[in-house]
Structure formats: C-alpha cells, structure tokens
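Going in written order, the chains are labelled A, B, C and D, and every chain counts its residues from 1.
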Amino acid sequence: MVESKQQWKAWIYLAPAIVLLLIFTVWPIINTVRMALLENYSGLKAAGGATFNFGIGNFEKVITYRRFVQCMKNTVLLCVFTVPISTLLALLIAVALHSIKPLQKALQTIFFLPYVTNSIAIGMVFAAMFNIVGSFFGTENELIVTAGIINNVIEFFGGKAVNWINYGSTYTANMFVMIVYIVWNALPFKILILLGGLTGINKQYYEAAKVDSTPRARVLWRITVPLLSPMLAYVIITGFIGGFKEYTSIVGIFGERMGPASDSGRMNTMVGFIYDSLSNNNQGRASAAALILFGIILIVTLINLQVSKKRVHY
Amino acid sequence: MKKLISMLLVLMMVLSCASALADLTTDGYDGSAVTITFYHIINKDNQLEVLNNAIAEFNKEYPNITVNAENAGSYNDILKRISEEINGGNQPNITFCYADHVAEYNKAGAVQTLDELINNPVVGLSDEQKADFVEGYYNEGMSFGDGLMYTLPFYKSTEVLYYDATFFAANGLTVPTTWDEVEEVCAKIKEIDPKSIPLGYDSEGNWFITMTEQYGSDYTSATEPHYLFDNDTNKAFVKKFNEWYQKGYVTTAGLYGAYTSGLFTSTDETRCYMCIGSSAGATYQRPKKGDDGNYPFEVGIATIPQVDPANRKVISQGPSVCIFKKSNPQEVLASWLFVKYLTTNTDFQANFGMQSGYMPAIKSVLNNADFQAYLAKADGGDNIAMLSMKVGMDQTDAYYTSPVFEGSSVARNQVTALMTKCLGLTENVDAEIDAAFQDAIDECEYAN
Amino acid sequence: MKIVLQNLTKAFPSRNKKSNEEVIAVNNFNFEIPDGKLIGLLGPSGCGKSTTLYMISGLQKPTSGRIFFGDDDVTELSTENRGIGLVFQNYALYPHMTVKQNIMFPLQNLKGEDKLTKEQMLERAYQAAKLVQIEQLLDRKPSELSGGQQQRVAIARALVKMPRVLLLDEPLSNLDARLRLQTREEIRRIQQETKITTVFVTHDQEEAMSISDMIVVMKAGIVQQIGKPQDVYDDPANLFVAKFLGTPPINVFDGQVKDGKLYIGSDEVLEFSGVADQAVTVGIRPEGFVLSENGALKCKPVNVEVMGRDVSVVATHDASQNPFVRSIIDADNKVDTGSEYVRYNIKPHKIFIFNKETEERIYFEVK
Amino acid sequence: MSQKSIDIMHARDLRKTTLKQNIFKVLGLGGVYLFLFIMALIVLFPFYWMLISSVKSLTEYRAQVPTLWPRIIMLGNYVEAFTAANLGRLFLNTLYVGLVSTLLSLFITIITTFAFARLEFKGKNLLFGALLATMMIPGELFTITNYITVSDFGWINTYTVLIVPFLVSVFYIYLLRQNFMQIPSELYLAAKVDGTSDWKYLWKVMVPLALPTLISITILKMMGSWNSYIWPRLVANDEAHRLVTNGLRNAFTDTSGDVNYPVQMAAVALVSAPLFLVFVFLRKYIMAGVSRSGIKG
C-alpha cells in the first residue's frame, strides 16, 4: 500500500469535519482564551470600541468571588453523588429489564421517557412536587397550605413533612432534591447504553454460571459487571463530563434565584456562575471561568481514564 | 481576521451616526422606503390586534415605513438577545425595555439619545405632547445620570393595595394609609381571624426600594459609589417588617412559595385580607365567583401605605421603548416617528390600556370617550381592572424612578434576595441582618 | 449415580408464526444410564441429542416425562441444584478470569456444609488442573490458550465440584483432527478415573463408538437403538442405524427373498429359514466380503485403494443403491481390476436384511 | 476422590431443595418485578403530574392544595398551546432543521469515521483524542464566539445557522468508530485486492454492515435537535425560523410576566409526543444500534 497516497486520501475524508471544527470549535476556544486574558472584557463594550489590556485579572476575579468555592462545591458534590447512583440504578434496571420477557418492551419504553421530554418543563414539574406553599416555617404559628405531593406521600406513610426547597430549607434538603432530579434525568441514556451492552454478552456465560450454581447476586458482580465494564467505564466518564456541566437542572428547580428564598445563589454551579457573568455581559470573566471548569473536567476525565484502564477487562 | 471585520462594522456605524446626528436635529424623514424591526413582549390576541391596527393606521400616513413587530419572548430573552445582536451589529430598531436594559446596551453606546429628536423642529414633540406625558413616566427616560433622554414610556403599571372591602366594612376597619395604621389593622385582623395572614406583599424588591423612597433613605446612585442601601434607616424598617412576619401579619411570594394573590382570593380558612401587587394583575386579585354567580367579597383598591401621606411615593413599572442607533438616519427618523405615534396617540394609548389593564403613558386618554366610559364602570367585581386603572392614575404624582447605571439591575436582584432573607430570620436577627446587607453590597460590588 | 429418563419429550412451537403445529425435538425418550458409565448420544444434526443433554442439565425444561438422578426426581429441580457438570461446545470460559479463577469459580458457590476454605478450593482446583494436565497454564487468560487447552480447562471446571453427572456437548467438534484423537482418549481416561456417569453428544459416529460404554443412536427426536457400540454395530435395529455406523459405510442393495434364498439382482447370496418371500433391502458390511473365484456376488471392479493393513476394492453392482460397492479385504490377496467381474462370498453375520417399507431389521437363522 | 464422597455430598433431602429453590425463584422474580414497578412509578410520576397539570385550569393549577385529578378537564389548553405558540409552524421548522442536519451530519460522520477507523495517517490518535477533548468543554464557551461568527457570515434568522454549526458531533463519531472497528480488516484487504476504491468499499460494505448503529444515530440525532434550546433561541427566534423549544418558553408569559403553567405543560406534552412516538416505534433499531457498537467499549 503506497503510504503517502493513503495519507493524502485520509485528509480528503476528514476535510469537511476539519473545516467545520476549525470554524465552530477551534476558533471559539482560541477566542475564549483571548477573552479570558483581556481584563474585564465585555462584548458590548468591545462593540462600542472600548479596548482592554492583557492580564490575568479575569482569573483573579473568578477565584476571589465569594461564592466561587460554593459553586465548585455544589458542582463536585452533585457529580460525586449523581454519577455513581445513576450508574448503579441504571445497571440494576438494565439487568432486571434484560432478565424478564413479559412487559419488557413496555417497561423499556417507560424508562426511556425522560430522554424524550424537555428538561426545563420537567424541572417545573419537579419544583411543583417539592414546593411548599405556606409561611412561618419553623415558627410556632407555622402555616402549611399545601406541602407538595412528595410531602403528602411522606405524611401518608406517617413521616413528617420536610421543607425541601422553600424558605429556610437546609442545604442537604436542596441537595437531595437536585440529586433526585439529576439522577432521574440521567437514567434513560445510561440504561440504553448498558442494556445495549447486555444484549451483546454471549448467553452461554449465563448458562455456564447456572451450571456452576452461581447465586443471582454473584452472577451480577462476578460475570455481568466485568463483561459490561467497557460500557460502564464509558457511562461513568461521560457521566462526570455531563455532571460538571450541570446548570439547567438547578434553574429548572430553583429558577433564576438558584437557591431557596432564604439563601439565593446557594445552589449555583460553575456553569451557573458562567451564565451570571454572561448576563452582565462580562464575557472576559465568563471565559476565564469556562477555562477553569474545562481544566477541572480534563483532570477528572484523565483520572477516570487511568482508573478504568486498570479496572476494565476484556 | 473575523474580529477585525466586526470591529470595522461597528466603528462605521458609530461614525455614520455622528454625521447623521446633524440631520437628526434638523431634518425630517424623507419618505424613502425603510423597514424597522420592533421587539415587544405582547402575546395576547386582543392586545396584538390593537397594535396591528395602530401599525395599519401609521402606514396610512407613512406608507414607505414597513414595521416588523415581533414578540421576542420575555424581558430577559430580549435583553440577552439584543446584547448578542449588538456584537454582530444587527440589533433591532425599536425595543421594549426596562431602564436597566438601556444601561447594558449603553456599554456599547448603542441607544440613540432622544433629545435631538424631541426638539427636532420637523418631527419633534410639541409642548402639549410633552406635557401630556405623565411626568413620573417621562422623567424615567432621563434617570441615566447624564441628563440625556433615552426612552419614552409605552405603558405602565404600579403597585396598589387590594383589600377585602366587605370584610373591612363588616368589621368597621378603615383602609390604612400609613405603615403604622397597617400595623394596627393587622393586629385587629389577627384578633378577628387568628388563622389569617392580614397582608400579602408579592414583590420583596419593590417593597424594599419603595420604602427607601418613602423614608428618603439612600438606595443607589447613578454616580460612583453606586450601592448605598446599607444604612441604619433601611435596616430599621427591615427589622420592623421581620417582627411583623414573626407575628404572622405579613408574607411575601418568596416566603409563601406562591403569589400571595392566591391567599387573598382563596376561600379556605387561611387567607389575606390585604394584598399589595401589580395594578395590571387586578383580575388575579378577584376571587372566583361563588355558585350563586356573584363574588364572595367585594375587592377595594387604594394607594399603597405611605410613611408620610403628604409626600406619597409609589413604584412605577412596565416597559418603555428605546431606539437603536443605525447607520441610515432615515431608519432612526422612521423609528422615532413610529415611537412618537404609539406613545402620543390618545386613541391607541386608550385602547391598549383598556385591553391590557396597563396604565397609558399620557394623560389625554381621559378625553377619549370610550376610556371615560371604561373608567366609569369601575367596581370591585367584574370591572376590577378599571378600578385599579383609576387608582393608578390618581397617584401619578407619587411615582418615583430609581437611578440607572451599569449594574443597577444587580442591585435590584440583591435587595430582593436581601429582603426575602431578612423577613424570615428568627435567631440573632440584628447580626444576621447586618451580615445580609454586607453580603448584598459585596455581591453588587463584585458584579461589575 | 444412575440417570433414568422416563418417556422424555420436548416440543418447540415452530418458528414461523403461520403454521402453529409444533416441532417435536425429542419424542418419548426412555433410557436408564447406568452409574459410572460413559454414554454417547449419537445422530445427525437436529436429531434432538443436544436437546436431550440440555434437558438432563436442566437448562431446558422437558414438555413431558421425568428425569431421575439415582432415585431423586430432578425434573423440577433447576440446574443449580442438580449438581451436574456441563462442558459447552465452545467452552464458555469466563474471558475476564484466569484459568485458575475459572476452575475455582464453581467452588466459591458451594454453600452450607459443602463450603470450602480458600486453601481447600485452591487444592481442589489444582487437582482438577492436574487431572486434565493444564496445571502449568493456571495464570493464563482463556484468550491466550489453544482450542485444546481451552477444552481441558472447561472439563476441569466441570469436574472440580465433583458433580453427580458430567455432560459434554460435542466436546471435540472445534478441534483439529490430531488433537481430536488425543482429547477423546483424555476424556475416556478422566471418566474411568473419576467413575462419574458421563453423557456426551456427538455427530461423529467414530468418536462415539471409540470411547462410549453405550451409545444411543437418534433420528428426528426418536431413539433408534441403544446398546454397546459393538452390539449396535453388529446388530443394527434398522437400516438407518446400520447406515449411520461404520466407516466406510455399509453397502446397501435391493434384494429379493424367494423360498428361503436371498437374491441380490440375479445373484443368490444366502440361504436361510424363517423369512417369508418378499422384496427386501440388503446391507453388507465392507468387511463382510470374502474374495473367491466362484463367489455368489458378482460386481464389476473399478479400482483398488491401498490402506496399508487392508485393501479396499471399489466396484459397482446394478442392484446397489449406492454408486459404488466398497469392500475391505486382506491386503495380501491380489485383485486384478482388469477382469470383467470380481466375485465375493458374504460372511453371514455381516449381512443384514431390512423390511422394504419399514426398514426394520428382519432376523434369520442361517441353515 | 472416591465415588462414596460424591454420593454423600448429594444425599441431601431432595424435596427440601426443590421447594426452597421454587420459593427462591418465585421470590426472585417477584423482587425483580417489584423493583422495576417501583422505579417505573418514580420515572412515570412527573409525566403523570405534567399531563394532569396540562388539562387543569390556571386557577386550579395555582390552587393551594394540588388536586391529584383535575376537577374540570380543560382540553382547551392544548388548543391554546398549539395556536398561541403557533406550534404547527414550529413543528415544521424543527422537522425540517432536524432532517437536514441529521442527514448532512450523518454523511460527515460516516466519512470522518471511515478515516479514523480504516485509514492510517500521521497524528490519527492525537486528532481523535483532541476531538474527544472537545466533548469536555462547556457549550457556553462556544455560544459566545459562534454568535459573532454567524452574524459576521450574515446567517442570523436562517435555517443554515441552525444546521451548519452542529454537523460534527463527536459522540456519534465515537459510537460509529466502535462499530466500524469490528468489521474485520480482511474484508478491506479483500476489497482492495479486487480493486474496489475506498469510496465504494465504504458505501457498499461498511455502511450496510453498520446500518443498525447508523439508524440509531439518526434517531438519537433527531431527538437531540428536537430538544436543543439555547442556540436556536439566540440565532433564529423570528416567527419563520423559530424552533419548538423556543416556542415553548416564551409563548405563555403574559404581560404581567406570570406564566400560564397549564398551557405551558400542554405545549411541552405536544412537543414531547412526536419524540415519544418515534421511540416507541423505532425502539428496536435504537437498541440494536447502540448494543452492536458498544461491545468492545
């Protein structure tokens, strides 16, 4: 095979993608780095002819922001909880779905529903489910008009209503609601991929396991999971990447306030921070924050890749 | 390379305006064919119909001006979209806007000042037209700290006090005009109906800013330093209202988890007897008709309570319109003619007011026969919108406008969060209030 | 541990939706597998041998009939609790585990009083590996082993938990010719040593006959004959069994019985009593021909294939159902293919007669 | 290992194990179904709430105590949702943009993936690694700059701006590459031997073999473009080009800024319905595509 001819031809096939990538991916990255290094760069001011000097002022501004650590903490906490939980749940659901015949199609369709609907609308539904209408929570003349459907269910089972997202709600309660919502949104895609992986596994391994009289749980952990590990690694890595970019889900539940009435902005995430800067037309600061976030995601993904290299079999 | 093109484009625009500026002060519109785009948030059919009729009417007089009126979503959508469009040099000609929006657009110096056009001998405003504007609304166009005029009012709303007239009459309660009277009435209502929350005030931000105006204390200023609301007067009234909240006298949308108008109109045992909300939302403040076909109680509307009734201060909200600089001066002139037509045409302002429940920007609507009939029908039931319009128009002298500067919208968000947080505090309230005020100031300082 | 199959039947709904009648894979299989014996299930593909094997293993549920291990009725018992070892056709070794882990895996599942300590497991696994002579491959991954080696790991895994019954599904089909011979001896040796009742499935009759204590010949789900390999070879119950066993295959002729004499074409080859006059099908084993000048059967010779110890004479005969008649005779008697005819006498115990229609065997006594 | 030890081990009482085993099996199956039903309930509940909210009247929706079943069914909400947001036109826009961008993107994905999977060239892995890295970059980073680029190109309020910027989708290249890699290279060599050009080999051999994955990519890509929201709202929000999700967002905020939630929910249901139907009918293909490609990981 003539080597050079092959080279040249390969680039022909890549040409359309390369051109589009240059314009709509590479140039924005360069431009973002440029904007990040122009102190207090603002798109509007630039359009008005203002000039900005180079420097790392934007990065300092981002790091010194009072709530920067809070945004980072929220982003990391959300990832650390939602990715493992959604992956584990997706695995169990996929395995369960795979093991039954009757109703399999119907249940599969149901589990794929969240993937199909608009996340903002579902955010509103979740907010309505957790929202408490009433006042004076925690005071002696506490008044609850409606505690929201979730609390109604809790009370039905004898529990006490919890102030999930309203005035005076605790950080953990807010986190819980966010985790439930994000996991709920993340499940369908993960189930799809893992179910796909399961259908790829040769049936005879399971017959062999039966012959070796392996209990159901052991079949899952010693046979299904190792054989699924390439898919699991993929789902976890993309899960983290997606998790770090969490924003619309918080807007869905808390609205622009990004937190309960008693502590606005408490649940803001890194991407939320980027949006705040953008809405004030501080593109310089937004770009700096975006680059910092990209750096973090890169590091986490590299760690994930290393971990999965060791743990992924087959 | 791309960056260079867009810079050149904008530069050319600014330059051309300068040369066009000369004409704007003296010349009129030369009748050439021009298309102007107009962003607005109107999406109700009846209101769109009034607008389209007005455009048709306008085109009779100026056939060559084609007006593309477009519903560009919410105010926030418009702000985000135009901010991006200015970068690309293709912002619209006219848009609905709040004063804070103009502050953002002016970062790029994109908004056309109106002074030249108003005083332009050919197309300018006559003295009667200038005087016809409600003074408070008109001044809002000049609250940018440089004395220049950037916006004209389109239609406005204000805050009014809705109260349960039947309940007040039945219990011999007088409608409070000062905050002290409100406290007394709330105490009495609490005795009569302990399960109730006497007062609901939907917007915490409006409440805070209105109180600073009524006390004459500092809130913000158009010149450096901008954020002045961290002072003892403000902390005092926040503390007072915190106590009211603890006593169960008042609640707000943020604390309640839903609009307090829901409490005011609810028929189950917990409800409000007074609710301060937007005058345009009158229909939401009216309870559902009972099975017997009439309202469970009659709704009264009054001006909101004051610190000093003699020197009344009430917030004015609702959209204004501004015109963007364009390279072709005829576009600017055509846009001005359309804006002038919409804001000064008595019939349009009257019709739109009647359809939307919003208050017209000009006083001459009172000469419009239909409008007079409309106002005459005002009552606490079916025609509640007319009643709120009447009350709104009686308090035009009390309107105040907050200073507008780069980042003034951040101040509004922060004081809203501040007020909501402080009202509900229970332990070491003073320390928490101080911390909350400091937090809000830091957040504002940071945003710029 | 003997295995008893009582009128075992398995029917599958036919795959194409239109016709709703069922496909009978195994039809009323009755057989008692003696303890400690090596049984070969033999038959063309699709004859139900694998289905039977999987029914014994519990991976397939019989439509009707019972299965007993010893005197326990295990029909309802699931595979896990039957205590069986199964070697799959393509081994089904867990790809992500080393050979040692693969072999030890079944031991880790033992519960209750069978539970073993780690050392015991290692010891048992090592024993099993030694038994199949792969103790030096314990730390390799299956993908690094040859077909034969993988085969032996599969057997070790099946044996390590000392099952009551060992089942093998076409164990040799994936091996090359030389390895096949060697491995089948291994299986025989292992079975003798462990004395485990073993059933294995194959479509290769030579493989089955060479190592089985007893063979079961099946066709389209129906058992044709059960017996010791030599007996079934020498005493086929019907034409199918006769044709299926033996390489080279049996020669088949159209024959005629007339008053105590058997004619093939015009040649009278045998006299016997107790058979009514009728048209019959005649089967003659290749080793049943004896060369002689005035032999009864006249065939036209085609050529002679030298096979070392014996010689195979290929000839034709009008009454033969196969294109050629193939005989195996001792190498030292000369056959000249030039002559017009080659004549044979037939050893009486190497000739079988079958009913024309039913193809059932017709017995006779030679006078 | 004597024969005797084998028998002792299996002398346990047979009936007990059969009984225990059957109970255990039934329990196992019951457990699986219970788990699946509970999870299904959790997944379904927001939909149930969305659907009943979409037929409630505004006052009932805003009522203090949420009613589990609407007192009066207002199907008018759906009509209003359809007309107010002019969903008809929006559906057409979204369908058109979805189809064109999916087909073009599919073409580009196939030829790009062919290069990555089959052809050898310097810096291949480096380029692919860089491509994967772009998945990690928050989208907001691109929006800022891309807006200026497209307005410089003069594409604002056109279909092009909704299609072109997203033709290269890294995830689908990754998915297809997995699938292409599984086609044995002998096939390629054989094709080379009898003189078929790369182009013919790609379209005659590789594409047919990877059909399931291509179908699921097409379906998933259509769903993705159906749900995109931030970019379309920014660059093509005029009546003629507005997409479904933008129509959703602002069609129901009335002048006082108060959203008419039931009608909004109705609109969301209308927007989700086509996607849901696509999934129900093409479920098999989506599953096959994803499973076929994912085995190696």
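FYI, contacts are C-beta pairs under 8 Å (C-beta built on N, C-alpha and C of every residue); 3 or more make two chains touch, one makes a residue touch a chain.
Not measured: the values here are computed from a predicted model.
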Work out which chains are contact partners of both subunit A and subunit B. D
Could you work out which chain's C-alpha centre is the most distant one from the centre of subunit A? C
Work out per-chain C-alpha centres and flag the one nearest the whole-protein C-alpha centre. D
Once every inter-chain C-beta contact is counted, which two chains account for the most? A-D
Averaging C-alpha coordinates per chain, one finds the centres of subunit B and subunit D separated by a number of Å equal to 42
Measuring from the mean C-alpha position of subunit A to the mean C-alpha position of subunit D, what distance in angstrom results? 15
Using mean CA coordinates as chain centres, what's the gap between subunit B and subunit C in Å? 95
Here the gap between subunit A and subunit C, centre to centre from mean Cα coordinates and rounded to Å, is 60
Residues of subunit B that touch at least two other chains are 2, 6, 80, 84, 87, 89, 258, 262, 266, 268, 270
Expected list for subunit D, residues touching two or more other chains, is 64-65, 148-149, 249
Each of the following residues of subunit A touches two or more other chains, namely 27, 31, 43, 133, 145, 229, 314
Chain-chain contacts, ordered by label, are A-B, A-C, A-D, B-D, C-D
Complex contacts: residues of subunit B adjacent to subunit D: 2, 5-6, 41-44, 47, 70-75, 77, 80-81, 84-85, 87-90, 157, 258-259, 262, 266, 268, 270, 278, 280-281, 284, 288, 356, 358
Which residues, counting only subunit A, touch subunit D once they are in their complex? 1, 3, 6-7, 9-11, 13-14, 16-17, 20-21, 23-25, 27-29, 31-32, 35, 43, 89, 92-93, 96-97, 99-100, 103, 105, 107-122, 124-126, 128-129, 133, 145-146, 148-149, 184, 187, 192-193, 195-200, 216, 229-231, 233-234, 238, 241, 244-245, 271, 274-275, 278, 283, 286-287, 290-291, 293-294, 297-298, 301, 312, 314
Help me check something: in the complex, which residues belonging to subunit D touch subunit B? 59, 62-65, 84, 147-152, 156, 233-234, 237-239, 246, 249-258
Which residues of subunit B touch subunit A in the complex? 2-3, 6-7, 10-11, 14, 76, 79-80, 83-84, 86-87, 89, 104-105, 107-110, 195, 197, 245-246, 248, 251, 254-258, 262-263, 266, 268, 270, 407, 410, 417, 420-421, 424, 426, 439, 442-443, 446-448
For the subunit C and subunit A complex, residues of the former touching the latter: 57-59, 78-81, 83-86, 88, 90, 92-96, 105-106, 108-109, 157-158, 161
